[in-house]
Amino acid sequence: MKTLNEEKVIKNSNRKAMIDKIVGFLFLFVCIISASIIIFTIFFIIYEGINPFVNQYTLDDGTIGNQNFWGFLTGLSYGESNYGSLFLVINTLYVTLLSAIISIPVSILTSIFITRIAPKIIGEVFKTGIEILASVPSVIYGLFGMGVICPLIRDLAYGIGIQTSGGLSVISGAIVLAMMSIPTITLVSITSIQSVSKSFIEGSLALGATNSETNFKVVLKGATSGIISGIILGIGRALGEATAVSLVIGNAFSGPTFNIFGISSTLTSIMMLGIGEATGLSYDIRFSLGIMLMLIIVIINLILNYVKNKITNPFKKENKVLAYVKDGVIYLKAYFNKNKNNDNEENKNETKDENK
Amino acid sequence: MEENQVVFSVKNLNLYYGDKKALNNISLDIYKNKVTAFIGPSGCGKSTFLRCFNRMNDLIENCKVEGEILLNGKNILEVNPIYLRTKVGMVFQQPNPFPMSIYNNVIYGLKCQGIKNKKELMEICIDSLEKSALINEVKERLKDNALALSGGQQQRLCIARCIALSPEVILMDEPTSALDPIATSKIEELIRELKKDYTIIIVTHNMQQATRISDYTAFFMLGDLVEYNKTEEFFAHPQDKRSDDYISGKFS
Amino acid sequence: MKLKMKISNPFKFDDGMSRKRRFKDIFRNASTLIFSLLTLVTLIYIIVYIFANGSSTLSWQFITSDYQEVSTSLYSRSDLNFDDRTFDFNEDGGEISEKWGVQLVDGENNLGEHVVYFLEVADNSYFNELVIGSNTATETYNNYDGQYISNLSLRVDEQIITLSSRDSASDIVNYLDQSNEIMFMEICTVGGGIRGSLLTTIYLILITLIIAIPLGVCAAIYLALYAKKNKFTMILRSLIDMTSAIPSIIFGFIGALVFIPFMNAVSGSNGGSILSGALTLTIMLISTIVKTTEESIIALPKGYMDSSLALGASRTETVFKIILPNALPGIITSIILSIGRIIGESAALVFAIGVSIQDNISLTGSSTSLAVHIWSLLKLENPNYDAACAISIIILCIVLVLCLLTKIISYRFNKKFKRS
């Protein structure tokens, strides 16, 4: 058997070691570029978003001026005299809250049905359906909202004696957003429910709990952290959504609107207004709204993550007193968290109580 | 011991993972055309020590090696590791042929060295498969996917692709722990066959296996080399109390 | 562990469960069923709505024709004389003007308005002797295929009759037969087609993938195989993770703020272009590509890197010969996901490309993608639902196919590596 040419191998190896180094640096370089996209994005949005308060613009009435910062923060109307953003922030939060009220229960129940109740084939069919829903583009949801949901809301409101402007309303926006976030939340919930340990489920069933009691009390509790992650993603999608919302919400220029049948506008829907025509201050102010949008997303993410930690590790703090109401009686429980085993036992007792 | 030619000579080797010392001042010689077995309880550093011989530890972060490992008188810590690994082959615990044809698996290392002559490659491929006692089983299906082979066949294929580079030393890291007894005995037979051409260092957690196939045995414990001797002598008259306890099964 | 719903005999109380508990049980199970059916019905409703409204508009002509209408003004020459010719028509239906030798038919344009099309113009028709520009010109016109009459002025008994596309074919033929002179006729190609937007979308997909896939795959390789477990890597990883949480409209702003001025400076274009759109989509998609590819590399058996290196291969060789070929399903999945997002993306492209629908596509000129096309149609004073639904059918079909492809690929990938 031939052996390799010694010198050639050594030469080869040295060359390869050099290529390795170069390629490694290339990969690192590309990775740094990919990671710096977000820094670059935030920098430019903030840089341009400050402009309306600093630069001088020629306004529509011919005078020169800029946007008052305080007016921007507290303004309740959006127009040439003052581009206020407070009402937009409130509207955005309100519409997102409404959509979450619709989407969270629907998603959780759907994911329980798919993973725990439906026979395997039906579950697969439902899951595939939801995957398709997740990949339907937002503009098609907007089209569906305009073509189906708005007329529906209009007729419904007319039925109870309320005039709407063709169905364009807060509730239409909330429904469309809910439809868009349901697939996201459901898919994440399915994964986290599937990863709940079988021994929990078997333990609960062995204690005489019915299947549905197990699903709602044990499985859901085990999957809580995953489900909240799904909710974070879903709400993120709802907050950042622009095209679909701008088509169904009615684009009001003042607010805030709390009437669910009234027209409203969100940060994103205002950003989509007058594209292709707007110039100067009315165009640049969008970037300031962009800063507000990113701030809201970050704050909501932080809050939800805090809630997630609170729920998944509720007894992290020592000497915590927990009060809860059951069958009309207020119970007080004190946890003196000296060591973990104690805590677990208490938990077990509690679960048993519930199952009785 | 004196009549044997020394291939590897380890002198005062220390190895650290971060601040933790994993190998403590180890010195030993590995002899040519012999099978040397490393035994010891799990976590004693025998696999880590094995991976020093072809510098696979370079890939692990925070891993620092001090001391000397001489291959034919040359310190391998100063040699280009890519070159070193063509001289010192390695077979892993899990049989892990690449998901490509059997033929391509065997010639993978050669192709990386830039050999393109098809006839030459085929020759070496057949030769390596012959040496690893696999040729009769795969002669007809060299172009088939290697993942279709059984576990034992996959492990022998891994040995074949190692031999194809005609290394001096073959390192084996518990090569039979993932295999059934029949496949294990085949591999052991193969190892006895291979030591005519190659020097073999094998890590095993199975003392019977060490007695069956090895000429020398090194016993490790907690990063120390406790005892190193000819296999018969090591098992018949262990010098150290710890070796004695281990052999008699007081701990494992 | 899956128990089937026991709704077979809900009123049997002698199995040790209280009535209240049993009803609670049924209620819980039924609620999950109802809500999941609701979700599925939504999907079906979306599909049915879109197909019901769009299928009549969707046609090959709709896909291949231009959005802009091109009109031509025609006049009958002042010295036109009628002789006794007869005309042969091959097509059936429509209204035939025996005097002029044309066959007209009622129809709709792509915007859903009523128009009168030329069904056939006979070879020896007087219409082939009409001239372009004015009644003294000499250049005749004879290409009436697929065009419709938008305006028509006829002289009938010294009276001038003005007709438009809103009049029915029979009316127009009626007047034509009475008239000896076409004082002015404007004919139009059918507009409202999506050829330009479709082409733009295809260009966007190609260019974005050409830029984004190599970048994303390289970054994924670094994170999966090269990166050390230290703080720096953690920061890189979480920065890339955070990128996917940014709403697409913000990336649209970056397109408008950075890439459009950049492309204007480089290529001399004016305003948004396909290239600025593709760059915007690239920064939007990289994080998804990195994540999907990294996951598929990590899912590979752990020994590949070690055993390849032990055979004297370099890291680079291992990456290109072993890792990438086997992680290909993951890379293809990320390509498919990216295509899906590019096709559906509207908010970012509204800013990064613009909303003007064009027919002549160039990489540096303005044009718009299908999703933005839908948005523009819905933003009209009278939203054009039919055309929007027709485009949605195309998008939805592509999305369905892509969804199916990812399922097949992930199924085969799992099957391949479960054995080893």
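Lettered A, B and C in written order, each chain numbered from 1.
Keep in mind that, in the parts below, a residue touches a chain if its C-beta (ideal position, glycine included) is under 8 Å from a C-beta of that chain, and two chains touch if they have at least 3 such contacts.
On a predicted model such as this, the values are computed, not experimentally measured, just so you know.
Engineer: Measuring centre to centre with C-alpha atoms, which chain is farthest from subunit B?
Structural biologist: Most remote chain from subunit B, centroid-wise, comes out as C.
Engineer: Give the chain pair that accounts for the most C-beta pairs in contact.
Structural biologist: Pair with the most C-beta pairs in contact: A-C.
Engineer: Give me the ID of the chain with the smallest distance between its Cα centroid and the all-protein Cα centroid.
Structural biologist: Central chain is A.
Engineer: CA centre of subunit B versus CA centre of subunit C: separation in Å?
Structural biologist: It comes to 59 Å between the two C-alpha centres.
Engineer: Would you kindly tell me how far, in whole Å, the mean C-alpha position of subunit B lies from that of subunit A?
Structural biologist: One centre to the other, that is 53 Å.
Engineer: So the centre of each chain is just the mean of its C-alpha atoms; given that, what is the distance between subunit A and subunit C in Å?
Structural biologist: Distance between chain centres, rounded to whole Å: 27 Å.
Engineer: In subunit B, which residues are in touch with two or more of the other chains?
Structural biologist: 82-83, 86, 113, 165
Engineer: Find every residue in subunit C that makes contact with two or more other chains and list them.
Structural biologist: Subunit C, residues with two or more chain partners: 312, 314, 317.
Engineer: Which subunit A residues reach two or more other chains?
Structural biologist: 9, 13, 16-17
Engineer: Going by the contact rule set out above, which residues of subunit A touch subunit C in the complex?
Structural biologist: Per the touch definition, subunit A meets subunit C at residues 9, 13, 16-17, 19-20, 23-24, 26-28, 30-41, 44-45, 48, 105-106, 109-110, 112-114, 116-120, 126, 128-133, 135-144, 146-148, 179, 182-183, 186, 198, 201-202, 210-213, 215-216, 236, 239-243, 247, 268, 271-272, 275-276, 286-287, 290, 293-294, 297, 301.
Engineer: Considering only the defined contacts, which subunit A positions touch subunit B in the complex?
Structural biologist: Within the complex, subunit A contacts subunit B at residues 1-4, 8-10, 12-14, 16-17.
Engineer: Would you tell me which residues of subunit B are touching subunit C in their complex?
Structural biologist: 54, 56, 59, 61, 82-83, 85-86, 89-90, 92, 94, 96, 98-99, 108-109, 112-113, 147, 158, 161-162, 165
Engineer: Considering the complex alone, what residue numbers of subunit C touch subunit A?
Structural biologist: Per the touch definition, subunit C meets subunit A at residues 1-5, 17, 21, 24-25, 28-29, 31-36, 38-40, 42-43, 45-46, 49-50, 53, 215-216, 218-219, 221-223, 226-227, 235-237, 239-240, 242-243, 245-251, 253-254, 257-258, 283, 286-287, 290, 312, 314-317, 319, 340, 343-347, 350-351, 354-356, 371-372, 374-375, 378-379, 383, 385, 388-389, 392, 395-396, 399-400, 402-403, 407.
Engineer: So in the complex, which bits of subunit C are touching subunit B?
Structural biologist: So the residues of subunit C touching subunit B come out as 228-230, 301, 303-314, 317, 321-322, 326, 416, 419-420.
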